[in-house]
Amino acid sequence: MKSQIVTFLIKCPDQKGLVAKITNFFYQKGFNILSCQQYVNSIEDTYFMRIRLNADGTNISKSELETSFLELAEPLQFDWSVNYGDKKQNVALMVSHTSHNLYDLLERFKEGHLDCNVKMIINNHDKLRHIAEMFDVPFYHLPVTKESKKQQEAQVIDLLDSNEIDLVVMARYMQILSSKFINHYKERIINIHHSFLPAFQGANPYKRAYERGVKLIGATAHYATEDLDEGPIIEQDVKPVSHESTPTTLKRIGADIEKLVLARAVKCHLNNQIIVSGNRAIIFPEAGE
Amino acid sequence: MKSQIVTFLIKCPDQKGLVAKITNFFYQKGFNILSCQQYVNSIEDTYFMRIRLNADGTNISKSELETSFLELAEPLQFDWSVNYGDKKQNVALMVSHTSHNLYDLLERFKEGHLDCNVKMIINNHDKLRHIAEMFDVPFYHLPVTKESKKQQEAQVIDLLDSNEIDLVVMARYMQILSSKFINHYKERIINIHHSFLPAFQGANPYKRAYERGVKLIGATAHYATEDLDEGPIIEQDVKPVSHESTPTTLKRIGADIEKLVLARAVKCHLNNQIIVSGNRAIIFPEAGE
Amino acid sequence: MKSQIVTFLIKCPDQKGLVAKITNFFYQKGFNILSCQQYVNSIEDTYFMRIRLNADGTNISKSELETSFLELAEPLQFDWSVNYGDKKQNVALMVSHTSHNLYDLLERFKEGHLDCNVKMIINNHDKLRHIAEMFDVPFYHLPVTKESKKQQEAQVIDLLDSNEIDLVVMARYMQILSSKFINHYKERIINIHHSFLPAFQGANPYKRAYERGVKLIGATAHYATEDLDEGPIIEQDVKPVSHESTPTTLKRIGADIEKLVLARAVKCHLNNQIIVSGNRAIIFPEAGE
Amino acid sequence: MKSQIVTFLIKCPDQKGLVAKITNFFYQKGFNILSCQQYVNSIEDTYFMRIRLNADGTNISKSELETSFLELAEPLQFDWSVNYGDKKQNVALMVSHTSHNLYDLLERFKEGHLDCNVKMIINNHDKLRHIAEMFDVPFYHLPVTKESKKQQEAQVIDLLDSNEIDLVVMARYMQILSSKFINHYKERIINIHHSFLPAFQGANPYKRAYERGVKLIGATAHYATEDLDEGPIIEQDVKPVSHESTPTTLKRIGADIEKLVLARAVKCHLNNQIIVSGNRAIIFPEAGE
């Protein structure tokens, strides 16, 4: 485990001595603690920690570490996960018509700013193939109709599973996923919605923003759940607009918000900064990373 | 009409030659056009103009001007209003529990940054009286129960009418006004709602924002209409928040957004920058004013 | 001149009757005035107008229009220009090391969101060629040393002139241009500087931002002038940062600000929204365009 | 020490085991750790911690705690301070002409939103006395000329010292303080500067912002140091502006930024969220407080 950055994400009932016990555990094993971020939800009496460790000073194996950690974790009722930073995550991008999110993610991936492998692009329309080709990423056109929805989803799942996809990014994929799909990739599907949720949930947010005469528009990246646009919010942003904006102008202004919001959300996920708790996403900021 | 700044607000069907005809009209009468702002809504084929005039070069009387303007306005189907800038508007502030909006508006008024007379503060609770006294503004405690609502509203309307109130500002007045009240002061009641509408319409927006795990919170100033929180939006703003925020923290952060948003909306109204069209508010920016 | 959108930009001493005279002129010639935006600088007594016309209702030729307009313009001392919207502008992108601005501009161009022809990419380093190839835009590597600066600039100017370049975009081109170059393309070179000018003018703004401990970082797009980083500012934006950010993190966060700021500035220029006055850039907002 | 919230601020050379050792120390003493925030500056190899403790479970006295903590602190070379939360800080406000910051701070203080005692207002001009009277805070007019500067500062220091002032807030006090004054209240004087520093350091920032044609204006709260406007930045914010703004408009828009920025900075200081390191201020965010 030399030269690795190991990240533990922990959630448990709040109780006295947690930070001391956890940091002591890793200190005793010879790890150097790079950062240790906590959040206490005092309404629900729940404790959250993200702890990043440098494994340089230890010879412990993964299985030894995990066995040993379990002894600490069980009595304290930890809900935990660990990432050893030794394997890039495999990512699939799902799209429909619009290209701005796709370009932005591919460019970050290509230039080494997203720590992952973009393994494929899936589109329910035969569009945007030229972008896949420019960036040399496999493109799959898997059309869907009301009738074929079940089969198409099965195809998609097959494709994802056989490529060992870790994260699915819905970069403006304009289809509602079934519960089966969602649960197969629980907390591993990120969707971008083109409004500042919970405002304008559902279809045509820019048109509705125009009609409502709002003075700002926005975008929201969230984990997909069975309830459309109601999953845990990872990232949101807005920009001021005026009455001058038509639905078309709003769409254009919004595209720039969408692409940055989605990219930041994907980065947070890949970087193990997120713990989901109920319908809220705890997002630990980068700690000098 | 010497040394006055006269502001016309015009709304009409879009048609060729409007700006030429209107500006020519005022130029011929000897006015100096300080600014002339337009907005064409091409979806509804509607034209909007805000034109500010310096009356220094003309001897025309108000009635002559209006009679003459009518000849231009009628064939072109103008919906218009004029403000001669010769009389400060009378303002009533309605409040319930929270003080931040009240302080902020009173301080701007006292220091001469709001061009109006704050004539009274009305509270349905016996609270915040000390602030009214500090700023030497009459305070009326008019309690309301489900049973007394009708009478209380009648009292309020009496008070407003007898003081020739031009603008009612609901600075966190936690009561729903009846249609009768609303229509008595159509487009002359500004409300502040403590969320970025249309998100979290209705009660307890900060609590709901916490539960939904949003990453930004905001405030919206709008004209009050019969449908609660659905009136034309004048001004909105937001601020980023994190999972760390409790409903209490959100309330505190939100208070600062609320007070600036409401003050800006009130200023726009007093400065004749707003034309309401359906459920949208056209807000002309200040033009070097 | 059928079906064209004609834009006049006018600057002149402020005087009575300007808007009436100008709008009347175009109305008489049969133009439909789509928007007419004004700005009066009362400190310098200067008047600015951007007027957009639909030429559908007129048969006038360009030369007739201009001859006729001159009769209006001369006595009123107009400094003016006209764009007939019938020819896309030719754009050259100049870069050095970083790719984010380049990708962003090329993607907007490729997807039809920037109304221009990107004719070439010039780099003083042999880098980023793969991006030019992806987007199928000619790439010129023109290295420069202290000794060869004069010749290299002559080469660049030759290349630009022979391709009838209308606008040069310095998308993080890390060289100072000579006065000769600047003046050859006066008000037609847009530079992006990676700080919120006038803060951190010159080299290494992100490192200096870290050292100064600022709580926000930003980017500025401006016209290049002889004084480095002192030209008229077109667009600026910032984002909050914390003490956690290292110069490297700031660079990454800043890249996203830079790319949006530069794209917006280029769009304003291509869309004839800018009048430069001394060291200030008057930026007319889009009017429902 | 029952029912108190104790906050330690620690700065030291980075080294292995710090978080484990520190949290263990407090855990062993019976404290409940409410939050434990860290920052590692890897450029300077320095470690920073803010740790908040609930003293409910311990009977230790202050002196026992400090004696015991010294044994931990010395070998690890801690630079540290502790606040027991048992005494409100005494604050003096210094002003000159403008009232917006003064009103805002007094209103927060009066309504219980600033955890301190505002003991006095000092003005070098005979202005704003009415505000002091409204809020019932002692007002001292201590005029200053070039000749009397030394004596006036001595008077001010006397006044501050005899009232045991913990924090001096320069709420637009338009005088440069001597090194003697600054050092007497090191890291205990907060100044608000009306620009986004380091832009427009020095006099007349709004006028210079107008002349430079910037597209955003801002404000900066920082600790006062001997070098004018160069002290560690606590808080900054900006707002977009356009060419329409005159220096007067900018001043008005800026006032709203100034008042929120200064209030947030004062709150951070009073809440023990700040560690100064060289010319940078480490600002720990509130942790569910």
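Note that the chains take the letters A, B, C and D in the order they are written out, and that residue 1 is the start of every chain.
The criterion applied here is as follows: a contact is a pair of C-beta atoms (placed from the backbone, for glycine too) under 8 Å apart; a residue touches a chain by one contact, two chains touch by 3 or more.
Note that the coordinates shown come from a computational prediction; the quantities given were computed from them, not determined experimentally.
Undergrad: Starting at chain A, how many touch steps does it take at minimum to reach chain D?
TA: 1
Undergrad: Looking only at C-beta pairs that count as contacts, which pair of chains has more of them, B-C or C-D?
TA: C-D
Undergrad: Relative to chain A, which chain has the most distant C-alpha mean position?
TA: B
Undergrad: Please decide if copies chain A and chain C contact each other with the same set of residue positions, more than half shared, or with different positions, and reply same or different.
TA: same
Undergrad: Averaging over Cα atoms per chain, report the distance between chain B and chain C in Å.
TA: 37
Undergrad: Can you work out the whole-Å distance between the CA centroids of chain C and chain D?
TA: Each chain's C-alpha centroid was found; their separation is 41 Å.
Undergrad: Can you pull out the residues of chain C that are in contact with at least two other chains?
TA: 39, 42, 242, 244, 246, 285, 287-288 - these are the residues of chain C that touch more than one other chain.
Undergrad: Using the touch definition up top, name the residues of chain A that touch chain D in the complex.
TA: 16-21, 23-24, 26-27, 32-36, 38-42, 57, 240, 287-288
Undergrad: In their shared complex, at which residues does chain D touch chain C?
TA: Chain D residues touching chain C: 39, 42-43, 196-200, 211-216, 218, 232-238, 242-244, 246, 279-283, 285.
Undergrad: In their shared complex, at which residues does chain D touch chain B?
TA: Interface residues on the chain D side: 99-100, 103, 107, 111, 113, 134-135, 242, 244, 246, 249, 252, 256, 260, 263, 285-289.
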